[in-house]
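Each of the two complexes below includes chain A, the first together with chain B, the second together with chain C.
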Partner chain A sequence: MRIPKRRMRLFDATSVRQYSPSFSLALTAPLILLLIFSFLYPVGRLLWMSVATPDGFTAEHYLRVWNQPLYLNILWRTIQLAFVVTVASFLLAYPVAYAMTLVKNRWAAVMTACVLIPLWTSVLVRSYSWIVLLQRNGVINNLLRDSGVITDPLHMLYTEGSVMIAMTHSLLPFMILPIYSALNTIPLELAKAARNLGAGPIQAFFRVTLPLSLPGVYAGSLMTFILALGFYITPALVGGPQTLMMATLIGQQTTELLNWPFAAALSGVLLAATLLLVAIFRKTLSLNKGVQFG
Partner chain B sequence: MKITAGRSGTGSLGRQVEIIRISKFYGNMRAVDAVSLDVAPGEFLSLLGPSGSGKTTLLMMVAGFETASQGMISVGTRDLTYVAPNERGIGMVFQKYALFPHMTVAQNIAFPLKMRKFSSDDIGRKVQEALALVRLEEYGERMPSQLSGGQQQRIAVARAIVFEPPVLLMDEPLGALDKKLREQLQIEIKQLQQRLGITVLYVTHDQEEALTMSDRVAVMNDGRLEQIGTPVELYERPGSAFVADFIGKMNFIDGEWVGSGGAAGIVRVKDCGSLAVHGNPRGSDTVLAARQPVRIAIRPEQLRIAKQGQGGEHVLNGVIQNAIFVGSYRVFLVRLGDESVVHVQLPSGQASQNLAEGENVELSCEPDAIHLFPARAAG
Partner chain C sequence: MADTSLPSRTMQLRRRSKAYFVESTLGPLIFASVVGLVLFFLVLPTLIVIPMSVGTASYIQFPPRGLTLKWYLDYFTDPDWMAATWFSLKIAFATTITSTIIGTLGSIALVRGKLPGKGFIQALTLSPMVVPHIVIAVAIYLVFAPVGLTGNFTGFLIAHTMLSVPYVIITVTAVLQRFDVTLELAALNCGASRPQAFWFIVLPNIMPGVAAGAVFAFLASFDEATVAFFISGINGKTITRKMFEDIDFNLTPIIAAVSTVLVIFTLVLMGGAQFLQSRKRN
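Right after this comes the complex of A and B.
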């Protein structure tokens, strides 16, 4: 708990207040300009496109999303899948992150590398590797058939399950790293103190280690959830026509049907849904924090 | 200083702690090497030693965070050697307090009671009593981060004793505090311990702290127990050169044994004279041969300074290199003939004012106050 404080003081010492406002603005200007031209402007154009017609404004595209159950179903499925992926990532990531804090020097480096290398590998490569694994004549089917477990190949690729597995795999590092960094700041003495005061290993974990690592869990979950909501490449490659997600639907509308205003409206809906869910998430968390951390 | 009572009756919590030939090996390294200790019920015993001497490892074995490679640890009549830490029922105060940052002060103190499934009424009452005991009644609803270091330390003590453990372990609990606060808390902890009658095993590398607080001090070096005794015994009769050096200030002078001169023996120091000494080297019964090299140790306050020609029969000749005024006493650095420098401490005033830097003087000492040790091993 002492280290963050010291770090804060470090920040105070080189506070913005030491520079004049105009100089601060000059320093941040390149980033602000970049954000305006590569983020705010395109998003604005997109939203504009979803409502503008040559003669004025229309809500036609939004009404279409609202009135056709298909599109709302896809939105709902996307949210569900993002949620499932987040939960699955959490369940897989926590033990890994926890183990990373326990192992000693060399193994810690090995584990960190194992977590980071997939992160540096293109999502495209990782998605194709799932195709290799899951397809009809893929590694898994061949193994199962050769060992006599099955006679007919399983249908695994292009299902919601394959999308979930591949997305969880892709997003896992985003969950592991924040949890790891949160766990790493918890002094080892605290778990020892809990044990000394009469808590068994499981109680010590649930009463001390887990609550103290929750900020990392929240950060990881939020990041994973947001990324999962807008995930495009993996669902496009390992998901079939039955497993359209919002992102793949938008892709279809822009590249195949060339219905740009409707694609823009879908994007607007996804953006609004994401912002809403994030707001709800943060609200719940801040309430939680109020109780736990004062 | 007054400690407000929160508890009826005093002084019967403590149990005996028995440590029998306990060892801890890490590969070839012997962190703790066959240490035996017997702590009486209600005794305050310090484990004192430099870092790496094995004192913390020993404490961790009593707490259950390290498993002994050999030997046995028992509290009362219960063998604890292989019992899980949470089932030992021993209180512990950690070096950095280890308060749970996500719980209030009251929740922290309630933690061991909750683990023991006390009723919520009992928990509330006992927490309040424990807070009163450390004089922080008003702080129950604060978070640990809102307290000063000294207050956090007191809360850690309250949490460690609230479930009335028979033994309290303390791992350099005052190391992170400044000197003044440390001295105040030393007295507070000592008084609390006496009031509760709890057995305390206290780890420190600060010899002054160990001498101030302890009934007995166990000095550790290199995983072994060097000497155990009351603070006065350790100070006045150190059993080895290591203890003599570690406890208090000590001058070491190399010399050679010349033989008995009446009741005392004589040790000659090269190029500067000789001193009359009592007895054999500590830790051995060997009769010294003539011209055998020995080491003598003398406390700075046991040496006397006399002007040249006035010191008596057995004196060491030297030159006052520095005279330092330290308030209630003066320290003189006296350079002997063999270029070694000896510290002499005299009360301020009277005779010590007349001694100037650069003056030739004679050092003498009562034979009883000189500790004789075997010579340093060559190399």
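Right after this comes the complex of A and C.
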């Protein structure tokens, strides 16, 4: 039986469930135009600037990044710091995510609030708080001095450590939430079955629960790593001259030294590093999936 | 039977009690305290600004001595702070409207449309979240500065709409995928026109997701700091840029007062968004 085609009023719509290509394009047109004007074109323009000269192309700015140990060191330090922050976030996030799947009602609400509050607290408020906490006369030094643990204040602010703590704090929710949702989909019976079959609680966790939650761990780690690579505000405020990172270096080149082509090349390197690491992450993720889930 | 088996069981339990104690009491206790410490670490920086904002000392002092609302008064009477606050609020409200409309239309096409290159458009929409914000910020400054889009409302509106739109798309796509199309078909069968069916059937059904997306878009714009750092001008300055400057050069307790106001403001909005999302689930 043939169903007679309904006459449509919206462009050349072919079905009620699915809008026609032309109408769909019209709906997405503002979105696409916006992304082209304020995202694709600017980023493309910046990358173009890193290689183009009035009369041809040059690799001079990229070679400068490559040849000067200073810049490679900063790139390496940025990647290292992002890695350390990702690992620290994972170690702190997992117990919290796991606990969130165990508790109910009021405690679940309290824990969710604790995780979401820093997520939506302005990054400037958090940076200011870390300055207040870690300063020479800050909260932590005062508490330690009053309790007699130390006599001279510790130097904590404007160090790599303070940047690491502040960044881990900022990125922790991005790790907790995906791990939580992955853990939430694992039926509790699986761990119970493992216990029934003779596994201890620790063994049951490492052999059953942890492997099954790995997709969430990967998603969270990827998000944390990407965000850590591009962090600007926090390292600029709680870090010192010793903790220059890629993002702060790019900011310095544009706002203080006005060396745009070089800043563009640094942006290109940071962008390439980010995309490369995302690709590697994806690859290991798919490999792992192949091994673990057949 | 029960009388004879009971003592032997307790004996067994007693013999294993040390291991049993570790497993049943000590383990969970350590676990709970680790979780508690991490949660404390998460909320501490948000809450510490509240006591700092009411102390009388004009430098950072802990525990704060005295009780004053001077810093709040200073904030609310300082023309620079007020200008930055209103500028940020204006941008955030406008961004909410534009990104909600653009994002909702886009989501409808992405979920229900027969769109050529759908995968590419989807990837493009979410890519502002993958590209480091510093790169986006520098790139936007490079393109916006020569055409006079820095330090003013229009430039911020365009940049923030681009940064907020992914949030709207994520929440609206989620509700649209759950929406039952047969409801719309029923409305059409009953004689409704396409626009009528959309306005009276589809829109009310996806509204919780749209509203949650709008709240996220508002916060994403209001809290945005990296791009705002680059495209702010002397007159057109957001509250995030003003805070950055003051934290960097002029660390007074006014910042604690501003922070407290921001924290309370965001918590109220976030509570609203959570409420909308929980209603969506029911």
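In the analysis below, the second predicted complex is superposed on the first by the 277 of 294 C-alpha atoms of A that agree within 3 Å, B and C clash if a C-alpha of one lies under 4 Å from a C-alpha of the other, contacts with A are read in each partner's own complex, and residues count from 1 in each chain.
What we mean here is this: contacts are C-beta pairs under 8 Å (C-beta built on N, C-alpha and C of every residue); 3 or more make two chains touch, one makes a residue touch a chain.
As the structure is a computational prediction, the values presented were derived from the model and not from experiment.
Partners chain B and chain C, brought together by superposition on chain A, fit side by side with no clash.
Once chain A of one complex is fitted onto chain A of the other, the partner contacts of A:Pro211 are limited to chain B, with no touch recorded for chain C. In the superposed model, A:Ile280 lies in contact with neither chain B nor chain C. Judged by the touch definition given at the top, the superposed model places A:Ile150 against neither chain B nor chain C. Once chain A of one complex is fitted onto chain A of the other, the partner contacts of A:Leu72 are absent, as it touches neither chain B nor chain C.
Judged by the touch definition given at the top, the superposed model places A:Leu31 against chain C, while chain B stays out of reach.
Note on chain A: of its two partners chain C and chain B, the one contacting more of its residues is C. Touch criterion not met for A:Leu257: it reaches neither chain B nor chain C. Shared-chain residue A:Pro173: touches chain C; no touch with chain B.
Between chain B and chain C in the chain A overlay, the least Cα distance found is 6 Å.
Across the interface of their complex, chain B is touched by residues 1, 187, 189-190, 192-200, 203-204, 207-208, 211-212, 292-294 of chain A. Of all the residues in chain C, the ones that touch chain A in their complex are 23, 27, 31-32, 34-35, 38-39, 41-46, 48-49, 52, 59-63, 101-103, 105-106, 108-110, 112-116, 121, 124-125, 127-128, 130-144, 158-159, 161-162, 165, 181, 184-185, 188, 193-194, 219, 222-223, 225-226, 229-230, 240, 243-244, 247-248, 251, 255-256, 259, 262-263, 266-267, 269-270, 274. Only residues 63-65, 84-86, 88-92, 94-96, 98-102, 104, 111-112, 115-116, 143, 145, 159-160, 163 of chain B touch chain A when the two sit together in their complex. Here chain A touches chain C in the complex through residues 8-10, 14, 16-21, 23-25, 27-28, 30-32, 34-35, 37-43, 45-46, 49, 92-93, 95-96, 99, 111, 114-118, 120-133, 135, 137-139, 142-143, 169, 172-173, 201, 226, 229-230, 232-233, 236-237, 246-247, 250-251, 254-255, 260, 263-264, 267, 270-271, 274-275, 278, going by the rule given at the top.
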